[in-house]
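Note that subunit A is present in both complexes that follow, paired respectively with subunit B and with subunit C.
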Partner chain A sequence: MVLKAFFPTCCVSADSGLLVGRWVPEQSSAVVLAVVHFPFIPVQVKELLAQVQQVSRVGVTVLGTWCHHRQEPQESLGHFLEGLGAIFSHEPWLQLCRERDSKSWTCKATRRQTPTAAGEDQVLLIFYDQRKVLLSQLHPPAALPDRQAGDATPSARGLAVVFDTVARSETLFRSDRFDEGPVRLSHWQSEGVEASILVELLTRASGPVCLLLSWLLSLLSAVGSCWSRLRRHRGEQVCFWNRLKAVDPSSSHVPPKVGTGLSGSRSERSVPQLPRRPVEKPVRHVAEELQHLLQWLMGAPAGLKMNRALDQVLGRFFLYHIHLWISYVHLTSPFIERILWHVGFSACLGLTVAMSVLSDIIALLTFHIYCFYVYGARCAVLRAGGPPGGLYCLKICGLSSLWRLFRGKKWNVLRQRVDSCSYDLDQLFIGTLLFTILVFLLPTTALYYLVFTLLRLLVVAVQGLIHLLVDVINSLPLYSLGLRLCRPYRLAGSLPRRPADPPLSFQMQPLPYSRVVRVYRLPSCGCHPQHSWGSLCRKLFSGELIYPWRQRADKQD
Partner chain B sequence: MEDEQSFSDICGGRLALQRRYYSPSCREFCLSCPRLSLRSLTAVTCSVWLAAYGLFTLCENSMVLSAAIFITLVGLLGYLHFVKIDQETLLIIDSLGIQMTSSYASGKESTTFIEMSKVKDIVINEAIYMKVIYYLCILLKDPVEPQGVSQVVPVFQSAKPRLDCLIEVYRSCQEILAHQKATATGP
Partner chain C sequence: MCAQPVTNTKEVRWQKVLYERQPFPDNYVDRRFLEELRKNIYARKYQYWAVVFESSVVVQQLCSVCVFVVIWWYMDEGLLAPHWLFGTGLASSLIGYVLFDLIDGGEGRKKSGRTRWADLKSALVFITFTYGFSPVLKTLTESVSTDTIYAMSVFMLLGHLIFFDYGANAAIVSSTLSLNMAIFASVCLASRLPRSLHAFIMVTFAIQIFALWPMLQKKLKARTPRSYVGVTLLFAFSALGGLLSISVVGAILFALLLISISCLCPFYLIRLQLFKENIHGPWDEAEIKEDLSRFLS
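Now for the complex of A and B:
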């Protein structure tokens, strides 16, 4: 079988020495972790490897020899290296050799003990970037089905073995060839030591520095707003709230910052002086629009001819209702504004809280639309014959039972089915009369019902959108997305290879953003509507009420 | 070792297949699709601009013209970057895996790599669209059921070569797969 040797790119320019790493017999691959340079004492090398093996539980051994001819090829070195195979015995013994011009490499793998196979195996050399592999995590391309517990050993899954080996062998990378230890190793720490220390220091310091800066900025804004508040009479409370929020940093900075911005702007607007009335104006506007709508319905809406008397009755009834609602809002608006102003502070708990509060405020302010919808349509369970409610529903109820009478059938409550029945003549007469009246009054009621249902659905749609947005914000993995943006090598997807003449090198392809979101998605609250579109349409048609966020199947009045 | 042959795709356009044999266990097949033709580009641009000019004469707003130019530019860039594939490559490395690369006209490359342990076989499948089309696909093993196929991954989807080209690629791939299976079951 072809022997795969994973060689770190940082060791390409290293001096000759021993190859140290891990051998995976199931895939016939050798993962080279470091190169041990001359001079060394074999006993000390074995001790170091045993130490590393004990700490990291990775089977690190001597895999072979690495030969880098800087000047003319030295024969003595070659023999010496072959002799090392006797001291550190490993099956198969790798011999990698590189000439002065970097293009030609020689790779040999010899087996001594197996008599049947050929003396040498074919070696496939693959380069990998050790530092990136150390820091990154491989994501498998497809969702694997549930595996048994025994399957979850990390060393068995293909290329993940390379990632796993490098990640777990950190103790091997503690000392390198510039240190004064007994064994001099060459690995990713050996390349560009000075520059990488500065870069590492900067990257590690950037986190706390950013936190400090954001804290200072919020403190400054708090002091600024506090100063402007001290001139007005409501100063202390705002200052206190902002200071409290600034001192307590939370883990994800986006929602609180946006929240503070929102609450800050609200207090700016409603503080100044009394008659601004942010609540009453939109409510009044909505009520006026509704009045226009009702006037339109009481006329000849869209050219349809309505029953004059019923139209006027219904229209006047709803107009009076709106009048009551406007007076009610006018009376309670000062209290409502105060309450809303205080509730607005909860926006500093996060954007999602603010949006949920907004959704509830919308529900409260459109309460009269909900009332209209209920008046028009409310009904208990149709068949069980509970107390009848709204207009449209009553009509449908009446129509359906009278239609049955028309055909000579009856609803059997005991058996919950339709049975035939013989009616008297006067029953039939009155039934037919009522049926005719109801049929001709149907368009008027149906139109009112339609209009109010549409309005209610609009409000429900707006609320549903807000809930959806809250859900998305809650379950968005901001840290993973930021990591994908700034350090793409940390999250690796599939691994492409670039064939440059013989040696291949593998590069990590960063995970696409859609997969990052899908893999690291936080659990959402999962409150999806219970109804399918078909049942929704059926309910709308028969006049039953729609409760979009009801979780249970039974409904009450 | 490298050689190049020309074939045609299912619509009649010309394709160039380049085969590179790096070693007995590593082969690469590169299919180059026909380039963006100047004629179709000119036709689309002219039709869009004529429509915009027609709208302009109707509504007398010069924003329509600038919007049309902007839309044409953005559309062309988007097409080159996201839609138009120039070259598709299939790289097979014995005992490592199969890699498929698509390079777009704007230079973007998207790669997919499948490990050899997941590959069951490479086959040529038939599909009946308006006529009968042949396509090369890779069958992946099902981890749960050893004889089953969990996924079918089609190759050369935008180049769409005809059967003669597919047979060449199929033969080379089967040589490598047979060799890989023989050594896998061996010691």
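Now for the complex of A and C:
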């Protein structure tokens, strides 16, 4: 039978004494927590262990003896250690011995109740870093033995027991070497609590300090951005008034001081007129590009055979719409600019707010593309003679019903199927006439619909990307990632790597970043796309309007 | 059973059943085995001239398509003034309309319950829609290649001929589809004409020849078979004459087609009847002879 003895690395150089720890019979493993040094009174040791056991609810017992030969091995010490086993009866009784050259260890585990040759077991010594094990958290956390012992693998369960034991017996590590107590212990904190207190204080204080720092930083950046905006604004005003003065010769004799004072007093009026360019220029540029696109469509795009008359009508309609849009932007750009200027202050609230505002601004400034898209979809619907109630119905709904008429069939609404039907002569004639016209006009409308749908999809994709980024930023576990980066042992993976050398040491394998993100991801706002790819394609084909991330509750319109 | 006395076997008659054990070997075939076999009980005896008379419907439809194409060609070449065609079409429509009522003395009109006001309304709808849409029709296929239009028209006219209701009781027959295909072809061809007036008159003519003319034919055929034969001959010869003025080879081929359909095909049909071998017997599928309409109502 093989025993596993988990031995803390901090106790390697400790003086001889008793091994205090927990015995896990299911795993047949002994977790050594500390070493009690000589001299001690066995009653006091038992009292201490009882106290610890009461506080931590861990079965801390004396597991065996620890013997560190600094000098020549003494025969008497060996006998003494043998005798200790009678006082602290434990089954099996561990005997760890370290020789002077610190390379050779002897481990023995004896059972007193079975006085046969099989009473001596093999011992597998595994070293572990007590501090790291105490501070780290084993993943997955569900593998803790007191919660769900059944579904974890045996090795993981054993590790979980070690972690649990070390974490719960924290009271054992309260006293250090310099304490004036009846029992002297050796463990990870035995060198002194002060250093760890310092570390503790630092970690406790780091949270508020970081918060304060980040707040200060954001305040500074906000103030800086506002200051730069104000300065630019003011500079533009001065430029404007200088230009005005240059144009108007009568005002050239006005002293510059008065001019700036004038500009200050008139700033309320001059604000809306001046900073028009930053918004109007890209909008105008996009509109001009759209005009080029429409002119290309009005020709023979890609050698397609379009109906020229309908092409001209549609192209002129959309060109007129762009013209309207440009003049609208020209009229409203002062107000829009002012609104945007004030909305820009919301960037102080965080990156995600700024990105959301950006997304909304994009939606606002590409409203004409949305309009085109709606026109394209509805135009195709109307052109195909769809029923007036359902503007969102199939683009080719009319064509399909006329095709049924062409074949002498009709859609039976009551039975939800296609029935044959005898039409009148005039019905047939008009239906076929319309069908022929629609068939020949379909490519033109479909091309316009396609182009504007692609533009719309582009805008939707950009907005979706921004949404996705905001979502990622909102749900990214920054603290856990930072912990993983700076203190990898704090987040331990489920299985430690096993080294090949005989003195096994318990090496913490840090959790991979992907699992950190997966385990600690915050619940996001749930902005998931409404459509799957298939339904999106179907909707695009049938001419239904698509929205980026939300859907109206009532589609009846 | 096998152990039965041999004397009884003479009285045992063979029965065509499997549910009784009979004292015959497995490969025994009785004389009465196939006595219920019947051959060709539903085969019809055709008279040659009757078949020729019935085939005149096909000839008429072929000639209609031919006349339509010839008229379109004349219009496309500018040899036929649209006004003249319109006048002729109007006059012949009026004559046909009067004839339609005169033939059966207004009996069919009473049966269908269709008033003259409805006829006038239909005519107005035809004229108005065609006239209103004729500019659209003119520019409809501007950018489409002429060959595409020709191919489409040929397919549509062939479909019209295939799906036309010649009086046969088959699943493929659909007079609606046939008429729609003819109108589609006429719209396609009309869009190639030089002016919108041409297109309007072409589509009107298509309605007359593909929708109205077969109705009159049907009535003529049912009421006055002799005059129907005369009308068919006249129509066929006029179509041949029109085609002859365009292309001699085409006219000869068309004449051969007409002759083969009206004379050769009936002869062949009657010859093939001799080779008919339909067997009937008790193994046929069950046929419900009883009138089930009382259950349906």
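FYI, the second predicted complex is superposed on the first by the 415 of 557 C-alpha atoms of A that agree within 3 Å, B and C clash if a C-alpha of one lies under 4 Å from a C-alpha of the other, contacts with A are read in each partner's own complex, and residues count from 1 in each chain.
The rule is short, and it goes like this: a residue touches a chain if its C-beta (ideal position, glycine included) is under 8 Å from a C-beta of that chain, and two chains touch if they have at least 3 such contacts.
Bear in mind that the values here come from a model prediction, so they are computed numbers and not experimental data.
Contacts of A:Gln51 after superposition on the shared chain: neither subunit B nor subunit C is touched.
In the superposition on chain A, A:Thr106 makes contact with neither subunit B nor subunit C.
By the touch criterion defined above, A:Gly408 reaches subunit C but does not reach subunit B. By the touch criterion defined above, A:Ser400 lies against neither subunit B nor subunit C after alignment on the C-alpha atoms of chain A. Contacts of A:Leu124 after superposition: subunit B is touched, whereas subunit C is not reached. Of the two partner chains placed by the overlay, only subunit B lies in contact with A:Gln509; subunit C stays clear of it. Shared contact residues of subunit A, touching subunit B in one structure and subunit C in the other, are absent.
Residue ranges of subunit B in contact with subunit A, taken from their complex: 22-23, 25-26, 28, 91, 93-96, 99, 101, 111-115, 117-118, 143-144, 151, 183-184, 186-187. For subunit A in complex with subunit B, the touching residues are 1-2, 4, 27-28, 114, 116-117, 122, 124, 126, 141-142, 144-145, 147, 158-159, 494-497, 499, 501-502, 504, 509.
Those residues of subunit A that touch subunit C in the complex are listed here as 300, 305-309, 405-408, 422-426, 428-433, 435-437, 440-441.
Only residues 122, 125-126, 129-130, 133, 136-137, 139-145, 174-177, 179-180, 183-184, 187-188, 203, 207, 211 of subunit C touch subunit A when the two sit together in their complex.
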